[in-house]
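In what comes next, chain A is part of two complexes: it sits with chain B in the first one and with chain C in the second one.
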Partner chain A sequence: MSSSASQALDYLEQLPGTVHRKLYAQPSTALAVFRRMLPHTAKAIVMGMLFMTKPFAATDLDAWIQPDARAEREQALSVLESLHILGTETAPAGGAPAVGAPARSYRLAPVFAASLRQALMGSGSHRSFGVPCTGPPPPEEHEDVDIVDVAFLDEFARGQWEAILYYMVGSTGVYGTGGTGERVSSGTRTLLQLGNFVELRGGGRAMITQAGFTFLLQEVNAQVWSLLIVYLENAPSLKMDSVEVLSFLFMLGSLDLGTAYSTVNLTPTQRQMLDDLSDFGIVYRPSPTSARFYPTRLATTLTSDAGALRSGVLDGGGISSGLASGQTDDAAAGNQGYIIVETNYRIYAYTSSSLQIAVLDLFCRLTTRFPNLVAGKLTKESVQRAIALGITADQIISYLTTHAHPQMRKNVPVLPPTVVDQIRLWQIDRDRMRHTPGFLMKDFATRVEFEETCGYAESLGVLVWKDVEKRMFFVSRIEQIQAYLKNRARKAA
Partner chain B sequence: MPKASKGVLVQCDPSIKAIICKIDAERNDFIIEDLDDETLVIKESKFADLQVRLDQELKHTIREPEESDSE
Partner chain C sequence: MNAIDGSEHVATEAQAPPPALLTIILDTNPYAWSLLSSTIPLSRAVAALQVFINAHLAINSTNRVAVLASHTQQVNWLYPTAARSSRDDKKSASDGDVDMANGSSEQQLHNGSPAANSADKYGPFQKVEHELMANLRQLMADTTAAELSASTTTQMAGALTTALTYIAKATIQAGSALTGDVGGSLDDAIQGNIVTAGGGGGGSGGAGGAGKDGPLSSTADSSAARRIPLTSRVLILSVSGDLAAQYIPVMNAIFAAQRQHVPIDILKLAGDTVFLQQASDATGGVYVAPSAPQGLLQYLMFGFLADERARHVLVLPSVGEVDFRAACFCHRKVVDVGYVCSVCLSIFCEPLLDGACLTCGTRLALSRTITAIPALIPRKKKKKKKTGGVSTPGTTGAGTPIPAGTPGPS
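Up next, the complex of A and B:
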């Protein structure tokens, strides 16, 4: 699963079951959650159970999964349960109950199962996959735009999204440009502040924050989700229903690029959203009152793995990487790679894009700028300044690697190893302690209890540290451990 | 029933840990649990504060070599 999916998944998991049930009423949402949010093992379980009419005994489910894949099974089941896709029943499921405790059995949430069946088999007359507009567009809407084709939509999405990124990078104020965000709407600027990506300093100038840098160096798909999650979290304060917002986003993910869709069947909330989404470049509307809208590539890759793969190749780009075609020269150069790194830490970047130069300036000391080239050097000071702002050495290395010039790509490895090692050393030099937020577990009554709980934490992949003598361990997440301990206590009682 | 306490796990060199303990000794408001020579748990709300204090402390003790500015 890519980082973008896991972000969205984290948000979904913390929603209450009532919200989930409302969401799953839309076939498009059920399908999007199924194909984008679930680990493969979970998908296999859902597919296997989709057409079962009776609850499915837990022991039978265990028989499906190989014993050595216990960690995957636990993870799949916990995701399914936290999304309320899978429910457990303790009543005997027809078969003879096991000795002592009643047999546990699983059942798919009926709403989810019904919607997913509808989505997969195309039944029902729901309109949750959007209503395409047929017939030619009214002439008055296309005075300044000739044809809305895929290239045009890509160009529009790239322009809008880069303006947002440039507003954030430009806010470092190195070039004296940007930071005022003429091209970025006030709603988007407020959203960036709410998401803690920028802070307003004296004179109304925006300053990028640590979270903002992390945002900037993510792949485009992950960036879009980060921003949308902030949008979702703030939807209630704008008097928008977050269920409607989410189902609209999931619907967008299932639309076709280059096709016009009608706003007729949208709710008032969703129409209000169209304005904001066109500010982000996620949808294009010929005019603010138009009865049609076009999803852009940013929208159609929201819930598909294909988009994530394509941009994943150019990971850490922060620039147009999700938008494969229809770019200007600047961005096309970005996709091909434009950075040369020498063993003496000098950097030459063949670019004239202000966004790319501003990103480089975050961690390089740039000295010279020519019409198509900037030159500079990676120094201890420049790298540590970046690290102080919250950028990691790995982010810098991955940015340099993914944007390496084609000439550099002939080398194996792409970057000179001395430079890569030195960047890491500069980080270690500064980061004198590793830190992990989480929970310390202690006061285990018996050694067995400690070892079993600790082993469970390890199989979930949340164990960070343990000390057998002291009977303590540290975990990064606690929800499942708590559930496990409660189950244990109940069994013991 | 085992107990859980929320915090930030910090793993570092014994020398850095000694400095953290020194900072904590002033008011005892950083450390939740001292685990071993290289590991401790810090209050989540005080972690950013601790980082700043640690940087200040290290500036006094470590001298950075002069950065050469030659091109």
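Up next, the complex of A and C:
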């Protein structure tokens, strides 16, 4: 899963079950959650169970999944349970003979299953996939814009989004023109501050923070989600229902690019959202009072998965090649990479966008600029300067990888390993500690108990560190270990 | 801090599953479906297939689907819509080629259709459903009584070949999209070539085009070896039995699929064909012959939805015992024990009259013992082609253990 998926997933996971149930009532949301949030194995499990009439016995599930894929199974089940998609039943079924423990079985949450079935079969009349606007637009909206086509929407989205990014980059002071953000609305600026991406210094001038750098170096989809999650977290304070906000976002992900949709079916909260979203460039409205809106590519790729977005249609300045395909499904056709990294640490970036140059300038020593090309070098000094600003080596590497030139993509691995290793080493030079949030397990009564639990943690892939002598180990996630220990205790009792 | 190396990072980055292309071959043989109408009529099967396609598209937004109808006389595209059906009156204008470019025709249909864009359905699902149903209706409306009386079987070989050409083209396109501009010229160069091959298979009843997949599979092979831009599989929803008449083209298609690493999944609702079993076995696909066809949807969702990646995790149903018998080249009969030409390995069900191989023309010295049953002929080379452990009692003793009996090639 990409970082953007996990961000949104983390947010969703911490929501209570009641919110989940309300969300899943809408087929478009159920579909988007299924597509975007679930690991691959979980998708197969959900689809296999979707049209089952009876609960799925745990033993049958074990038989269905290959024995050596245990880690995948546990991961899938844990995500499904934390999203309240899968429920466990320990029904002492009438038919099952009492064999000590009652037979455990899984069942999909009824609301989720019903919605997903509706989405797949196209049944019901929930109107959750957007009401398209038919007929010609009213004449007064015809004046400012000749025709709203995909190219126009892309241009609009790119303009809005780059203005936000530029507002943030400009605040580093490297390129003095930014920082005031004339093109960025005050609402967006407040949001960036709330998300701790920028902070205001004296004279109302914005300064980018460490979180802001993280934000800046993400792929576009992850950026959009980061901002939207801040938006979601602050929705209650604006008297907006976060369920409505979320379902509207998921609905946007299922719309067609280049089609006009009507606002008649939207709740007041969602209409209010349209204003903010058009500030971000996620939707386009011909006028603030218009009864129609157009989702942009930022919106329609919201619920696409990482594979579709690797090529990030909005990255780079060359959005035009993404248009050749005209369809979101063919997003892979438009490839926007522009950076070439050589084994001698030289960097060539085929770009003329000042935003991209400003971002590169954060961690490169740029030497030469041509009309369509910037050349520079990764040096110890430049990378350590970036690290001092709070950028991590991983962020630099992932930025270079995501935006690698098509020629670079032919290499496996994409970036020269020497460069990748060196960037990491430069970071370690300064930074000799690594922290992993997690849980320390200790005070095991017996050696066997310790070894079995530790072995289980290892097979799940959550084990970070262990000390056999002291019977302690450290895990990054605890939910499944808890369940395991509970089961163990029950079995022992 | 002991994990500093570039490879680890790249491995996690490449984790995102590649898009999957699912090519479905729907056997629309009217005879077979009329026999099935009491258990599961075609309309219900297509409805189940619809949901299955939607589920496949739901898994990943880059997933793609293609549906072919293997009819009695010809193979038709159900989705994506061919630019112009080859059976159309204006055949001369289109010269039978199937234009598989998704863009233009789809766009046209999408804009023009009144049914498109209901708020209760997800756009992409709707589009597939609309085109598929329209094309299927068209196909049924175009079927004439004369055509039905001419043939009672289905053009499986043509359908398989068309599916494989489509997959090869999609793979190349996906590969060029991955590497950007460089692949573009290759794509253009190869496009005309493959479209023609696809049209040949789809246009006039398959068997002719089926044998020529050699060069095609080799190009796909080399591109698949580098990085996988697209994983493809074929699902055959088969209802007809007796494909022996198309043995050679079907087997050629199976071997082509094997080389392209395209698994062929078989869902056998009715009929019995040994070759489709061999197809799933040779390509590593799934084989299910449901005992209760009414539950078609659950079979599809549980057994056939898993793509390349999920198949590493799940235990998949497969046929326990595969029937490896072959069909003879002379009468297209499935044979347990046959005669094999020692030069070209053609299989015959009975000794040849003039002793000359029908395929390569080599004269085989078989005439003296022509009346004896195969087991008793001491000097002739009789190879059972992969009898798969089914050894007939009569042949085991006599056929092989005589070491002195191997004659020269002519």
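Points worth noting:
Keep in mind that, in the parts below, the second predicted complex is superposed on the first by the 397 of 493 C-alpha atoms of A that agree within 3 Å, B and C clash if a C-alpha of one lies under 4 Å from a C-alpha of the other, contacts with A are read in each partner's own complex, and residues count from 1 in each chain.
Operating definition for what follows: contacts are C-beta pairs under 8 Å (C-beta built on N, C-alpha and C of every residue); 3 or more make two chains touch, one makes a residue touch a chain.
Please read all numbers here as calculations on a predicted model, not as lab measurements.
In the superposition on chain A, A:23 makes contact with neither chain B nor chain C.
For chain A, the partner with contacts to more residues, out of chain B and chain C, is C. In the superposition on chain A, A:434 contacts both chain B and chain C. Contacts of A:31 after superposition: chain C is touched, whereas chain B is not reached. Judged by the touch definition given at the top, the superposed model places A:410 against chain C, while chain B stays out of reach. Contacts of A:129 after superposition on the shared chain: chain C is touched, whereas chain B is not. In the superposition on chain A, A:50 makes contact with chain C only, not with chain B. In the superposition on the C-alpha atoms of chain A, the part of chain A touched by chain B in one complex and by chain C in the other spans residues 432, 434.
On the chain C side of its complex with chain A, the touching residues are 1, 4-7, 9-10, 13, 15-19, 50-51, 54-55, 58-62, 64, 102-103, 107, 117-126, 129, 174, 177-182, 226-227, 297-298, 301-302, 305-306, 309-310, 312-315.
Those residues of chain A that touch chain B in the complex are listed here as 367, 377, 379-381, 432-445, 449-450, 453, 464-465, 467, 470, 472, 474, 478, 481-482, 485, 489. Taken together, the chain B residues at the contact with chain A in this complex read 1-13, 16, 20, 32-33, 35-36, 39, 41-42, 44, 47, 54, 58, 67, 71. The part of chain A that touches chain C in the complex is made up of residues 1-2, 28, 31, 34-35, 40-41, 43-44, 47-48, 50-52, 63-66, 69, 72-73, 119-132, 254-256, 259, 265, 303-308, 310-311, 325-333, 335, 337, 394, 397-398, 401, 405-407, 409-410, 412-421, 424-425, 428, 432, 434.
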